[in-house]
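The two complexes that follow have subunit A in common; it is paired with subunit B in the first and with subunit C in the second.
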Partner chain A sequence: MTKAALLVLADGRFPAGGHAHSGGAEAAVRAGRITGSADLEDFCRGRLHTAGLVAAALAAAAALGADPVALDEAADARTPSPALRGTARRLGRQLLRAARSAWPDAGLDALARTFPKGAHQPVVLGVTARAAGLDARDAAYCAAYESVSGPATAVVRLLSLDPFDATGVLARTAGEVDRVTDRAVAAARTALTEGVEALPAASAPLLEIGAEAHAARPTRLFAS
Partner chain B sequence: MHLDHSDPHAPAAVGADARRPDGRRRALRIGLGGPVGSGKTATVAALCRELRDEFALAVVTNDIYTREDAEFLLREAVLPPERIAAVETGACPHTAIRDDISANLEAVEDLEDAVGPLDLVLVESGGDNLTATFSKGLVDAQVFVIDVAGGDDIPRKGGPGVTTADLLVVNKTDLAPYVGSDLARMAADAKAQRAELPVVLQSLRAGSGVRDVAAWVRGRLAAWTA
Partner chain C sequence: MTGPASAAPRTLPPAPPAGRAAPAATSSGVRATARLVARTDGRGGTCLPVLESDGPLALRRTRGDADEARVVLVGAMSGPLGGDRFAVRADVEEGARLRLTSAAATIALPGQAGGDARYDLRIRVGDGARLGWLPEPLISARGSDLRVTTRVDVAPTATLVLREEQVLGRVGEEPGRLSGRLVLRVGARLVLDQEVACGPGAPAGWDGPAVLAGHRALGQLLVVRPSFAEHPPEARLLGETASLVPLAGPAVLVTALAPDGLRLRRVLDAALAELG
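And then the complex of A and B:
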């Protein structure tokens, strides 16, 4: 077991489908809510503390060995937008394929049998971390970081934003990624004894609404 | 965890596996790539018309920011709608066919689940540049489509698509006189770049149309099922 597995899993080029998704950034750009790096930073901070926190807690709980079926239901309950639920399952299925090739594991095989069309991505991420010999904190880090790195890289393409500015946003939010990860892991530990109700349910209504509007657009660069 | 470990029908982890989870041989997958506007979708449509009565077919399209390629095939009614699937590529068509193939693999597998068994799945790339190639994890063979109007120096310039594709198609030969392209030179340059790999010069508007490409596909299918 090696900590470098975390670098493999968190690498933006890990082939799990993320490149086709903007994490809601395309909808926000189209609505005029992201016009430059300052807006992008606000957007990322908002997503980190809402969808990012929830995803990180789900991933941590899955890495601790909580029941994936219960976690998947908890993820559904925390995702009002049908479009976002569909996206989360598609990305979960894609991650599961990559994970089973990278870290063959009975837990991952079982997840594939239970969810042939995909479980929520953070749940798969947590089971993957476990298969890779990583811990709950690693899984939470991956989810929290993904919640900001996805939009940041997408906005480079959407707005022709200076890539150094986008990377600066990620560097400046790093401390908050640490704190969100801490909260997520604490909540996941509590959920092991108290049930999935103990997991955070932070909501970002504009992300949910934007996802529905985006899904109905006939032309778009990113799938979500 | 209360997950069942006893079910032998676990989904395949690796896309290149030649057999489906139930043990049957999966469909042959042929990728079609090439620059924007070279005639990939028209070639796919013509292949569907030529081969659909002989083989069980389906098509996956990769559009860049619309669903126009899938909609063109639907409008042309080359296949029933349930046999055409569209993949979204997030502004990076070559990523979806080469670096991160998971969405395309799922589209192919879902088509086989929904309308299979299939003999052949055509995977059409979004229009890209001369370096775009398909991963071997996604397709069994690939066709690179260029056209005479894109410049008759493209075969000479080479690039991974032109030099390594299993079949190079030089399309729109009927336009050569109007754009000043030298077909003989294109054919000779392609031969020099590709050694023994085949090249087809075709016009879908004149002569034998897609027949040569269809014959090549039949050859690949015969080898796949042998």
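And then the complex of A and C:
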């Protein structure tokens, strides 16, 4: 197995539909809460330590072989916003299609049969990592990094932010991505014996509220 | 536990509740568990066969409706302080009706012993039972460090209305560290599991544009009702910083942020009036 599979999976050009989503950044820009790179950095940190940590732990647990049905229920419970639940399932479905084509695998086939309408994206990500020969840490890294890279890339388009500034945000939060990944993997290992309640449940009220505001808007650049 | 919005001196209640020892005070803080059981009395009303206060957590029965028992949680001393371990166990049995309120806000304060304080609520609502859990806000004072965990198990035929309000700091004061986890199960299904952490020492970004963005009051109203299984209310916004959403189960969650506790209560009251 090759570590380069991690680069394939984490690449923003991997055809799993992520480019159409801003991770809540568009709603925050529209509400005037992100106006430049300093706000973006604060936004990314907040998202990383809440939705990012939860997604990373779910992905790590799935990569370790935890029951996807229990993980999907845990993801639902950690996502009060129905708009965000819908987004997570759509992204999960798109990732599963790309993953089954890239890394044909019985685990991915079984996931598709169990969740015809799509499972939460982090759960699919973990099973995909497993199929690609990657480990739980790799899966958690992908999820944690995506939680900041999605908004950073989106804000370049939304605010015409200098791409160098957005990349600077990613570079400055990299150490925290490492720490969130460590926490996520540790929690996922605990969850194997203690159940899904051992997974983090960190939530960000404005991401939840903003997702509903965004879904209700007639015109938008990003789907979420 | 309760009191005016100032750091009241920590005084013990005049006497421990009948039949119980004084709260276990150790160098690391006070441990106290209050217990409550609500049961149908066989005549269409609800009785309280267990109503156990413990140290700073005093439970008082007040006059209720014909079919509903009412209990007020009265704080008998300040806190929780660092090192304290408070718990409340409430069991609303099959068919019983209970409404719980509190006499005043709970103020988390720093303790001499240091370390964090814990407040652990475990609530069960049985078949066909109804519980309104509507306490006053929790205020996180500067230097305090409190972790609140609320675990609610609701039978699929039961009704629950639960309000949580957190105010970060007294007027003009920096908040302490506060984290609150709320876990709801309806029958065997996990319906909600969420934790909000804020204040100094919380993970970075807690006051930024993804999480609180400078708001100093946050609250939730959780409503579980059997009819929501078939007819869940539609998701909608309640102003700029509040939403009402159907959860993945027969429950609705209102999440609201506001500049202060008063304006937060207005949003939650309006939602409560609408949801009943």
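To be clear about the criterion, the second predicted complex is superposed on the first by the 224 of 224 C-alpha atoms of A that agree within 3 Å, B and C clash if a C-alpha of one lies under 4 Å from a C-alpha of the other, contacts with A are read in each partner's own complex, and residues count from 1 in each chain.
Everything that follows uses one rule, which is that a residue touches a chain if its C-beta (ideal position, glycine included) is under 8 Å from a C-beta of that chain, and two chains touch if they have at least 3 such contacts.
Note that the coordinates shown come from a computational prediction; the quantities given were computed from them, not determined experimentally.
Superposition of the two complexes onto subunit A shows subunit B and subunit C fitting side by side, with no clash.
By the document's definition of touching, of the two partners only subunit C reaches A:E176; subunit B does not.
In the superposition on chain A, contact of A:A106 is made with subunit B only, not with subunit C. When both complexes are overlaid on chain A, the residue A:C44 reaches subunit C alone and has no touch with subunit B. With both structures placed on the common chain, the touch criterion links A:L7 to neither subunit B nor subunit C. Of the two partner chains, subunit B is the only one that A:T219 touches; subunit C does not reach it.
In the superposed model, A:P80 lies in contact with subunit C only, and not with subunit B. Note on the superposed arrangement: subunit B and subunit C approach each other to a least C-alpha distance of 18 Å.
Shared interface residues of subunit A (contacting subunit B in one complex, subunit C in the other): none. Against subunit A, the residues of subunit B that register as touching in their complex are 1-5, 7, 9-11, 13-15, 64-67, 88-92, 95-96, 99-103, 105-106. Every residue of subunit C that touches subunit A in the complex is listed here, in rising order: 181, 183-184, 189-197, 203-206, 208-213, 218, 235-237, 240-243, 245-248, 253, 255, 257. Touching subunit B in their complex are the following residues of subunit A: 13, 15-22, 65, 67-69, 90, 93-94, 97-98, 100-101, 104, 106-107, 109-114, 116, 154, 157, 218-223.
Of all residues in subunit A, those touching subunit C in their complex are 24, 28, 31, 33-34, 39, 42-50, 53, 73-74, 76-83, 85, 176, 196-197, 200-209, 212-213, 215-216.
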